[in-house]
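This report concerns only the one structure given below.
Labels A, B, C, D and E are assigned to the chains in the order they are written; within every chain, residues are numbered from 1.
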């Protein structure tokens, strides 16, 4: 279903949606949203583009391999960030207490590791959701599961 | 006004739910379900849960619908 | 006789020695058949020696005790050996030893011998452990170690009939053990202990205590072949290999009787029973068991089936003896456990020898066997006469004591019942003897060949009994023509089979009315012990 | 091991991600990575156990925030014992699986298999040590989805259908659990179990219908997932259609963690007094009695060995619920002990059955007759497992039976003890014929001397040995479970 | 008062929707319809939880940065968010299964599926 208007608009929308998703992710501790919602938004943008350009185009960038890498990066990243605290001698997932910079409350880089964790979740969710939809739309079957930590 | 609007939302939600149940055309049911999700998101916003609302809008109305459409298009469209 | 408590490792050794040997038998069996047989023999002989080694302490009136705590806190495994335990453990291990010797020859050409001997030794451990157990829990444990492996002995032949009988046996056994389990838990709940070191763990009469008693009766009655629960016995005993049948009938049935003895006289106590009058139910069941067992035995033409039903009838005596609640009856009861163990093992071994040599199981075809296998048949005759209760033999003593006990308990009806059942015993044992000695080989025994064989058979047997009672023998068949012919017709079983048979038959005679009757003495002591002060 | 409580959850998940990532590149790494992760998990669980038994419950506040605000996990004795069970059980199952499953699944499906197993392990671990109801719910969901995954991973139609059914029904269950959690939150204002437990008596007085409804919903929700009798419909299909190692995981471990969750909610959140003022235990009692008989009777009619084992699980779960629904320390200890014991025996049985099926290609009982001659050790292990199921003394099944029956008599209800006993007899009725035919039945020509490879055989034999060992020396799980039961009833 | 009424109205709506979802799930043979029913049921539960929070009269948990006193316990929101995530993963998984089943058996009807898997 290739359509010139659609694909052109999708080309403009994709960066916008991605930026919005990134905003939602990184401001999870300040405003509604967070890693999950933001990740879904990014995935939605990608899906929109893929739908209008065709999934085979998307496969050049986001194939099973790279999606798997992103998936693992996000989810392992979350656990590893949690483990950083452990290695610094505090409890698992400890944030400020483990020496993550607290920053200024109300600003972007506040709340220590929260936005890092959010980013990890966002990457994972975006990759997974896009992978799910891509799989359902373009063949393949057995699916993975989404872990929202 | 708030109350009336909310009541209307609830009524709409229920009727959407019933419509989904009744529709034999799966694609139609999916579309109605998408609007159901959107209505639900609005309802939650009005009930003071913006976090949930935004997620529902992205997930319920967006991803779930896409998944359902994909699945319907890869299987069959009518419920026999 | 004031006894002391002596801590000793011997009881545990007796019970666990064969269990330890089981593995040895199995691994020996993988390298050499001879070695395996020797190990099996060694296991049963060793058990007998170890059991006998407890004699000095027990004869001094002491009680041997071992315990391993903490199996299932507050329960543990414990052994406690008084006169009764010692007596029965020694009895079972020595019978086991004899039967092992017999098996060496009997099982020579059978399949799966390693399996047979492994489980043979394991069941020895179970049955000896049952007799030596110091609490109900240990008793339960060893009871299971005996009952479940015995399944393998029952189905050894692997014929469809054996498999069917085995399945029945297995399910009845499991049902029985679950009833036992229930009784065990309930006893623990009611008395706070399951130890057998006292008289009267359960002292209150309540619905639960009655329920508990019924559970125990069901569990042990199942093993002992009490009448409504006997259905497995008549199938399982005939299909097992003969040495295994001898043990099943001779020893394993007795574990059920022993368990009931312990339950009645230790867990509840005789005083309790006299007060509640539950014994009358037991008496009734015992009476039914005696009559039904004997009556059905009369109709059986398969020698092993007839012996199996006979066992049911004989177990009825034992159940009767323990329910009469009098000292004489109890003495007779325990003595009958001993006497029946010996004679029934002897009979089954004889039957095994006959089947092995001639392939005949049907007693109508036993004509001429007296000439072919004179020793075997002589032993069979001795054991059968003992079973009937002919005065000089030890079967008489138990019946005599039981009858006196019945009078002592003020229930003369049961004495009459004993006499009637003795006559019934005669009705089904004498025809075998008569057929074997007084008809020629190839002849169908008189009366058996007739069109309505069954009716004639019963009629003839009754006639025989009548004649016997009147001191009159039925007309003898023509005697063998000459000595040479007699010798040429002898085809006796090999010595390894013959020796145990002869020893057991001698046991029937020796421990009879001789002035120093050691088993009777032990029975008297045990009865005193059970009845308590 | 101060971080043990976090590690037992985080480690399997991390392992799952890494195995999933490596799966498409080097499958061998994923296989052994899964086994290794489970082994480390078992090690951590064991060290936690020793620590908890010495120093008392270990509370771990994730992120350093204490209870009402942050997420806490707590490893108490029950948690530690079950964690040990999970770790050791999963290690053995995965060890079996890494030699057994590649052939059964095929390369494509196998890639998904190891991460799913580890995800399941992480979810289960989280479930048994979660201290707040929210985490309980999340972990239960992770378990459910991962469990569906390992059922349908090889895409056989029967497995797909079973998995779908399980997925939908467990979605209903999670809806119920979520609703119940929300209701409890609305009347108490907490999600933390201890805090709810303190606030609940007052809340139950002022909102009796809400709290009652919440309890009922928990019973339905976790009852669905744990296959409590009328809600068990998904189990026979799911557990029999899954690959063998999955069946062992599901029947042995997964259903158990939901029982633990329900026991926690009943005894630690509600507490015995409040619990027995509600009808929930009585309902559970009748359902479980139904389960013991229904499961067994239907199992007798089964022709397929894995279906037989699956129905046996229903009966045995009934047995566990039966013990839990009796207001007696002994019965509850017996039930919790049976959680442990049944896990050991059922895993042993399923693995043995899996090995038999793999060697002969047959899964009907008749086709497996005479199997003892070609697989003596596996059959012996199966026999021990079956005897333990019946509760023959000397096996661990006996010990749990003893305590449940004792508990029934503590209540003055001998008839309940008879029920327990009768259900044991019934389990004999379906295990023994198979065992007998395995030894004495006609041999339809199984290949001779074909035991599985050592890695496949070792877990089976070890588990059978554990059945006997904990039958003779029941101290390890028993003492702890008695202590747990005591602490349950000490709660007011 | 109006808040209470609104809360109760939503309770009622949630219950009706739960019933509709469950009914759809149980009575329809089509797997995709079942999945949609499951989603309706889930959202009904979420609606119930949200309206519970509303009846208790809280304010949105986010927005008033820095004023700790103004925060409402954010847990119920997190509860639902997680619930949504789980619902979508379940949905995705169920759909994948449904597609696989359709590939293998050529039908999406539950009864038909049972018949075809049993027969071979």
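General remarks:
In this text, a residue touches a chain if its C-beta (ideal position, glycine included) is under 8 Å from a C-beta of that chain, and two chains touch if they have at least 3 such contacts.
Keep in mind the model is a prediction, meaning the values are calculated, not measured.
Number of steps on the shortest path from chain D to chain E, with steps defined by chain touch: 1.
Each step here moves to a touching chain, and the least such steps from chain B to chain E number 1. Shared contact partners of chain C and chain E, listed by label, are D.
Distance from per-chain Cα centroids to the pooled protein Cα centroid is smallest for D. Across the two candidate interfaces, C-D and A-E, the one carrying more C-beta contacts is C-D.
The chain with its C-alpha centre at the largest distance from the centre of chain A is C.
Seen from the Cα centre of chain D, the chain whose own Cα centre is farthest off is C.
Distance from the chain A centre to the chain B centre is 24 Å, each centre being the mean of its Cα atoms. Computed from the mean C-alpha positions, the centre of chain A lies at a distance of 80 Å from the centre of chain C.
Between chain A and chain D the centroid-to-centroid distance comes to 34 Å (mean Cα coordinates, whole Å).
Within chain D, the positions touching two or more other chains are listed as 138, 145, 149, 152, 155. Within chain E, the positions touching two or more other chains are listed as 35, 53, 60, 62, 81-82, 85-89, 92-93, 95, 97-100.
Multi-chain contact residues of chain A, defined as those touching 2 or more other chains: 32, 34, 36, 132, 136, 141-142, 145, 148.
Remark: the chains found to touch one another pair up as A-B, A-D, A-E, B-E, C-D, D-E. The touching residues of chain B, counted against chain A in their complex, run 50-51, 53-55, 58-59, 62-63, 66-67, 70-71, 73-74.
Of all residues in chain E, those touching chain B in their complex are 2, 5-6, 9-10, 12-13, 16-17, 20-21, 23-24, 28-30, 32-33, 35-37, 39-40, 43, 46-47, 50-51, 53-54, 58-62, 77, 80-81, 84-85, 87-88, 91-92, 95, 98-99, 102, 108-109. Taken together, the chain A residues at the contact with chain B in this complex read 24, 32-34, 36-37, 40-41, 43-44, 47, 129, 132-133, 136-137, 139. Put simply, chain D touches chain A in their complex at residues 3, 6-7, 10, 13-14, 17-18, 20-21, 24, 60-64, 109, 112, 115-116, 119, 138, 142, 145-146, 149, 152-153, 155. Those residues of chain A whose C-beta lies close enough to touch chain E in the complex are 30-32, 34, 36, 105-106, 132, 135-136, 141-143, 145-146, 148.
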